[in-house]
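Going by the order they are written in, the chains are A, B, C, D and E; count residues from 1 in each one.
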Amino acid sequence: MNVLAAEGEVAFEATTNGLWFVEHAWIVVLVPLVSAALTLAFGKRTPGKGAVYGIVGVGAAFLFSLGVLWHFVEGGGPFEGSIDWFTIGPLHLELGILVDGLTGVMVVVVTAVSLCVHVYSLGYMHGDERFTWFYVVLSLFTAAMLTVVVSNNLIQLLVGWEVMGICSYLLIGHWWEVKENSNAAIKAFITTRVGDIPFMFGIIALIAVTGFTTTNIGEVSHELGLGEVSPLFVSVAALLLFGGTVGKSAQFPLHVWLPDAMAGPTPVSALIHAATMVAAGVYLIGRLFEVFLLADEWVLTIVSIVAAITALGAALLAIVQDDIKRVLAYSTLSQLAYMVAGLSLGELGLTAGFFHLFTHAFFKALLFLCAGSVIHAVHSNNMSDMGGLRRSMPVTFWTMLIGSLALAGIFPLAGFWSKDELLVVAHEEHVDWLFIVFLATAAITAFYTMRMVMLTFFGEYKGQAHPHESPSTMTGPLIALAAATVGVGLLGAPQLNAVFGKWVFFEEIHEAVFVPWIALLSTAGALLGLAAGYVLYRERKAQDPLQAPLGPAWNLLQHRYYIDDFYMRWIVYPVRDTWSTAVNWFNQVVIDGVVNGAAALTRAFAQVIAWFDRTAIDGAVNGAGEVAGRTGNVLKYLQSGNVQWYAVGLFVGVIALAVVFIRVV
Amino acid sequence: MDVDYHALLPEFILAGTLLLVLVVDVFLPERAKWFAMPLGLAGVVASLVAVATLIGAGTRVSFGGTYVVDEFALLFKGFFLVTAVVVLSVSLRYFREGGFYQGEYYFLLLTSFLGCVMMPSSRDLLLLFIALELVSAPGFLMAAFRKGDVKSNEAGVKFFIIGVLSTAVMLFGMSLIYGVTGGETKLAEIATALADIPDDLQTLTYAAILFVVVGFAFKVSAFPFQFWAPDTYEGSPVPVAAFLAVASSVAGFAGLLQLMFVAFAGQHEFWVPIFAALSVATMTVGNFVALQQTQIVRLLAYSGIAQSGYILMTFALVTDDAASNRSAFAAGVAYILIYGVMNLGAFAATVAVSRRHPALRIADFAGLRETAPVIAVGMAVFMISLAGVPPTGGFWGKLLIFQAAIERGGSLGPALAVVMLVNSVVSVFYYLAVPRQMFLREAADRSRMRVPALVTAVVAVATIVIVAIFVLPNPVARLAEISTLVGLGP
Amino acid sequence: MLAVIGGLSAIAVVTSTNVVHAALYLVVTLLSVGGVYLLLGAEFVAWVQILIYVGAIVILFLFGLMLTKAPIGRDTLDNQQRWLGALVGVGVFAGLVFLIQDAFPVQDAQAFAAARGTTDVVGEAIFRNYVLPFEAVSFLLLAALIGAIVLARKDDTT
Amino acid sequence: MIRLPLVLMFSALLFSAGVYGVLARRNAVMVLMAIELMLNAVNVNLVAFAASLQQMSGQVFALFVIAVAAAEVGIGLAIVILLFRTRESINVDEVNLLKW
Amino acid sequence: MTWENSAITITTLLPVAGAIVIALMPKDKERAIRGLGIVVSGVAFALAVAIAVGFDYGTDGLQYELDLNWIGAIGVRYHVGIDGISLPLYVLTFLLSFLCAIYTWRFVPDPGRTRAFLALMLLLETGMAGTFIAFDLILFFVFWEMVLVPMYFLIAIWGSANREYASIKFFLYTLFGSIFMLLGFLAMYFQGPDPHTFDMVALRDFGAGGGFSQTFQLIVFGGVALGFAVKVPMWPFHTWLPDAHTEAPTIGSVLLAGIMLKMGTYGFVRIAIPFLPYGAEKYAPWIGALAAIAIVYAALACLAQKDLKRLIAFSSVGHMGFVMLGIATLTEIGIQAAIFGMVAHGVITGMLFFCVGSIYDRYHTREIAKIGGGMLQTMPKLGSVFAFVAIASLGLPGLAGFWGEIMALLSSFNPNEVFLGDQVGLFRLFMVMGGIGTVLTAGYFLWMLQRVNMGTLPDHWREAGLRDVLAVEWVSWAPLLALILVLGLYPRLVFGITDEAVSGLMTLLGS
């Protein structure tokens, strides 16, 4: 996906059937946006409370994006087009689209998952007080995500990026009556914003490279490619950009918001916090890959270290969760880290990483939706309230099983192919430690996945509700996604020509390689994990079987390594309560004190002068008056006697001074 | 004898009027005594017409150069006569209802105004002295005119003693000037004589100038001769306070301008620092003490002191540069004119309130917007104008002085400007106290206040004039500019 | 000689403990001032001085003193700042003497023969150059007269 | 026969005595007298200068000063008497109304 | 007189005429008074729009210029005109005033007295609008000061509990600053070109060409900047603002935040920088520093506020910090960002104050703790509007608040190379502080929304009969809400106007 080639309108020779779609890819953004607007405007008055706009819109967008992808299936090249947006001084901004294979894949992922979620929510959100509003934000989010994906320039990307953030905030806090939900929403927004700030600076740095003339990604890359910018500058810029990824894709140390974000409705978790928005961070690295490659090596090393920590750390956390959504959330963290780590491996890793993004989107969305279905049935998030649901919810069970096995990386499901490819790349690039991390994480993943399935679907039901299978609006998407989960992995299968690599690549297409021993190794690891999970959780116990053996480590995991506590204790509370109070105190007492002090001083000065006047003039007068009053001879005295003394005294003083002045000068 | 009778016409008419008032008063029955006022008013207006006929007639010199009618003189004569109209207008009800000796009051008032009118033409020490006395002496009497009121009597005594004392000091200075200049009393010739005065007389000359300045400093209530003003204003009948605050002190300035810019212009190096100190001290004392006031007349008195300080500042801006002196002079004159309008307005408003609240505390203005809306709006405009804030004429007055100060340059000009600026800000505080009462507080008695039509008219006209000056300040600025005395000295 | 008498009695005026005595000392002072005028050749002024001051003003003062029942005695007559006042008085005197000595040194002073200011000479001067002040002063006196009457008049109406 | 500086010093003495009187006296009439002394000092100056300069105008000036002084005394006494009279009928506590 | 040279004079002075007419109307014709207020400000707004329509966007020169002798004696002229820097603020002034007049149709704060209220508001309108079109220093100053009195009364009469303290503080503080500004103006007059002039065009050309000596510039810039800084208000001269805002009636707050604060920043762009480029160069790092401090400081202070209105007032300090940061960079982008920031802040914060006013109207308290949350439950529309505007205010891309902030940060990455080439590191530090500020800003706004909008409605409000957004409110808010969105999506609306003028300015400064 050499964007340099995209200088012209169309950078390929042959016309394809999908060309029209590519050239008009902006429509794919616009349609959900219009849906959102329509829903907002007419939703409440429309039968079905307006969900129809979103479903139709996103459905249309999905079909459209298939058209876009078709272009690349046919072997088409990238396309870039833009219109003027505005000019500010030397800086010229445009609204544009940059459609290459990566974009094609992303639009399909986004619209597909979004469509599923839109449909699914019909059932899940049925009867919700703010059903219409939910659809508005859902559609708006879809539009924002698509904006990010098709954007050809940094500022437009940033706009979409932040709008996604606010949609995420709105949806996490959808049930804002409960304080925890709104807390989670704020936490999500602020934490990602912390990452966004360096991201923004990174963007600014990139724009600065062009001499503040353009924000076009292609031109920025071009400028960088000229090699006139110091590597250090590029490295710092890359690192700053990575901040955006860390925030949005919830990498360590900004990962804390994602588990909390599970407070939102489950479809939201599926769409935003599993399949799409969180993947935007990964997408970002891919889109600006040039910058990362031109940066010094240590940048990518940092990226891979961060990713490795996240992958392993989050996977471990997933083991101890009781909340089914949190299991999935930590799993998502871990899998996102997989992708990031993959990208940190270079050009080969790019394709692998994105392939994992692609597959993960489907099976993780599936898992979430299944979890939602379960939650919908038992009215609880906690697996301790579940159990034995495989009988009452067969569709959910089977689809979830497919998703779980895909997550665990079992052949031939989606996860197997993508994880395998990542392992291969790590091996080929000779980053052995990462290879081991991947492997270990895969095993742990399989373990907690199995634990989740066991606790949910096997054993005896522990809850109070009467679980039942979800309506077809919910199971339909489950089935669709399950089918996809089975299918999409094959797109990257080396045995099947690994077509995915033909769509998403950097600079040049690399043939995917299949290394049997690696595939075996990974499958073995996964099976080991699954087996362990099955053995340990086959029978329900009051206490988690791991709690005793893990000892203090269990506590550490329960407290999420104390990272959240650390943030609250040392950053949030100090800033929100202590510092702000201090500043306010400083403001009221010191700064305003100076102001009021000046006023008081003026008044005091006035009093001094007035006192002087009073004492020196009228005070004496009054004194005289009193004396006179006491002697009973009031009437005979002139109370003003001292006034003259004062006057003459002063003026004599002036004369004396003048005389001195005259003589001396 | 070179007497230009046309030039003296305003004075003659005024003198005739006041004699007529005196005579007619004798024959008027008690209930018709107030008739003296319209009579006086007619005379003043006639005199004003006479002044008008002199406009553009060039400089007219009488009595061997001791009495000059030029633009400067005409401007001030006109100003005084207009002031007279206003003071007469606001006096009518006040004196009619207060049980005063009306005829005599109008007679004294007109006499005082005669002095005022003479002042700007007097280019001779003797004439200046006489004119000053003519302004002051009836003033002493009028200040004590509330005969039954101890306050008023005390006011009279204080005013009188300080007045006479300062006159004595001034005269002593004049006598020395007479001596050192070799027997000159005409201002222009004093200037010539002082230009090449022998060195050994220098010191005595400076002392003499100082003595003379003292006499006028009293008149304009400059620090440290300011303290009589609040007491006297408070004690006097309110219209008399208006007269003292405007006519009397402006007369002092008229005299001072002539002395300093004509007779002693050559010695500016000596007196500029004195005026600088005087002005800084005056405005500071005035403003800061005003912050403490609770009585409106005292407030206006201290405000007047502060304003005097601003005007005195223009004296401190004199240098060798004629152009900058001209700016300073024009700024001073313009400020005086605007100052007169707003102060008259403020006093007129005070007169209106005094009928219901004779104590005239600031708190008595509470709810005035309801009880007397025209007065309230007018008073607010005057206060804002005194504070020098747009959209009022007072803004230009201050601006002109700032401008002159900056134009003067050096370190003194800007330094004085800064002092004045700080003072202006301080002054806002107490000026706003009055509108605050009027608009933010409720009156205890919320019935409509009965305000004499003449007083309302005066307030309304003054308000309009103040706003009009803001919109079109050019006439004032032009007037001030052409009426310069700069250059008449050596 | 006259000056010495005048000076001493002037001091007496302001220090005397008896108001009537003070007034009488004032007469002496005024008379000696008149004498000085005569010596200086200002005959007309001297006579006016004696007529108006001694004849009229001092009488007025005496009336005033009687009407206000002025008391007698240092403490009631003088205020507490007496000594400061004295200091200032002496200071002013010293300053003036210094100034005068500076300007007109006594040792250099020439005795001079004064121009005679007889009634007709002065009168002519007044009416030639000082008509206007003369008229003005007449108004002043008139105003003073009327005003004084109004103020001093006892009335029950106010 | 007569020397200008000496006369001037006499005048200065009168003036200073007047100043002292103004400062030290509490009785209004006495203060007025002191002021008269000061005015006389002025006149002595004027006449002396007129004499030494062989001029008339100083004497004329002096005449005017005398006339004005007379007027002042009249006014002053009238006010003092007025004050005296109103005070008599007014409570002692109300003395000095004119204060801050 | 043609439309070309009289248009802005008529438009600017129309409200004064309206004020006079309103003041003379009988007191009991309440509806007529309010109606006339709307009509007058509406016509003025229409005229302003007409001016904007007739404006030639392709040039940086003055348009609709009128230059008459006013006070010949002291060289003061009535010189008005409009260029790309003025136009957005000028139109905004009339828009906000118009909306305020509409709002007044339903909401006249205690103690009533609609007549005086509207008259003062119209006077205020003229003062504010005049400031943006004056091209004579004294005329500028006159308009500048003219704003004080009506605003003083608006706060002092129609304000809340502590109004007198707040109003006098506002008055004195701004007056204090502005007199130093006036001194600076006078100094420029006398040091300026020969013959002396107050004409801003002449002085700009003179000053930009290096006409003033360096020492002079350093001194005078200080004075002039002080006057502007107080108005902006820049940290640490800001303390009058929270008080004034908190106490002012809704309309007062809207106009204060919406327009008056911009007079200060406008002054920097229009006068301080072009007239005294050397002074600007030397002061810019300091201004930038104060701006950066203001951003972080205000955000922290906001977190501590318990009063809703005070919180928003403090947020203004932070937002104006971004504007000042943009100006301090002395770059074309920075200054354009500043102007955009001014407009955006005017729209957004004005709208926020409308919201707070309506919230107060419902709850009769502004204390966040007393409101207690759950506003979205009872008043979903008001809550949504409030949330929307708050989110716009925290700088969400796609809404108006974003462009000013991002462009200011962008420009501080590389401040003007000619003037501030050696200060790059410092300005990048400011940029980082600004970035931290945006996080904190998001923090306090979201926290505020959580405490006001979200959660469940406390029981004692259930019976209070809280009414959702009224028709009048919709009418007066809709344009602002639309503008927030439109400016966010189509920033050319402002940048397109300012571009020529600002680049003309930069050319003049030689960079």
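Here, a contact is a pair of C-beta atoms (placed from the backbone, for glycine too) under 8 Å apart; a residue touches a chain by one contact, two chains touch by 3 or more.
Keep in mind that what you see is a predicted model, and the values were worked out from it rather than measured.
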Steps needed, at fewest, to go from subunit B to subunit C via touching chains: 1
Steps in the shortest chain-to-chain touch route ending at subunit E and beginning at subunit C: 2
Most remote chain, CA-based centroid, reference being subunit D: A
Chain at maximum distance from subunit C, centres defined as averaged CA atoms: A
Centre-most chain, if every chain is reduced to its averaged C-alpha atoms: E
B-E against C-D, pair bridged by the larger set of C-beta contacts: C-D
Distance from subunit D to subunit B - Cα centre to Cα centre, in angstrom: 26
Whole-Å separation of chain centres (CA-atom averages), subunit A against subunit D: 93
Subunit A and subunit E: spacing of chain centres that average the CA atoms, whole Å: 33
Cα-centroid distance, subunit A relative to subunit B, in whole angstrom: 74
Multi-chain contact residues (two or more partners), subunit C: 68, 70-71, 76, 79, 81, 84-85, 88, 92, 99-100, 105, 129-130, 133, 137, 140, 143-144, 147-148, 151
Subunit A, residues touching no fewer than two other chains: 610, 613, 618, 624, 635-641, 644-645, 648-649, 652, 655, 659
Contacts with 2+ other chains: residues of subunit E: 172
Subunit C residues within the subunit D interface of the complex: 3, 6-7, 10-11, 13-15, 19, 22-23, 26, 29-30, 33, 36-37, 39-42, 44-45, 48-49, 52-53, 56-57, 60-61, 63-65, 67-68, 70-71, 76-79, 81-82, 84-86, 88-90, 92-93, 96-97, 100-101, 104-106, 109-115, 117, 121-122, 125-126, 129-130, 133-134, 137, 140-141, 143-145, 147-149, 151-152, 154
In the complex with subunit B, residue positions of subunit E that touch it: 70-74, 123, 138, 142-143, 145-146, 148-149, 152-153, 156-157, 164, 168, 171-172, 175-176, 179-180, 182-183, 186-187, 189-190
Contact set on subunit B toward subunit A in their complex: 154, 157-158, 161-162, 165-166, 169, 202-203, 206-207, 210-211, 214, 224-225, 227-228, 231, 270, 274, 284-285, 288-289, 291-292, 426, 429
Residues of subunit C defined as touching subunit B within the complex: 99-100, 102-103, 105, 128-133, 135-137, 139-140, 142-144, 146-148, 150-151, 155, 157-158
Footprint of subunit A on subunit E - complex, ascending: 169, 172-173, 236, 238-240, 297, 300-305, 331-333, 336-337, 374, 376-377, 391, 396-398, 402, 406-407, 409-410, 413-414, 431-432, 435-436, 438-440, 442-443, 446-447, 450, 453-456, 490-492, 495-496, 499, 502-503, 506
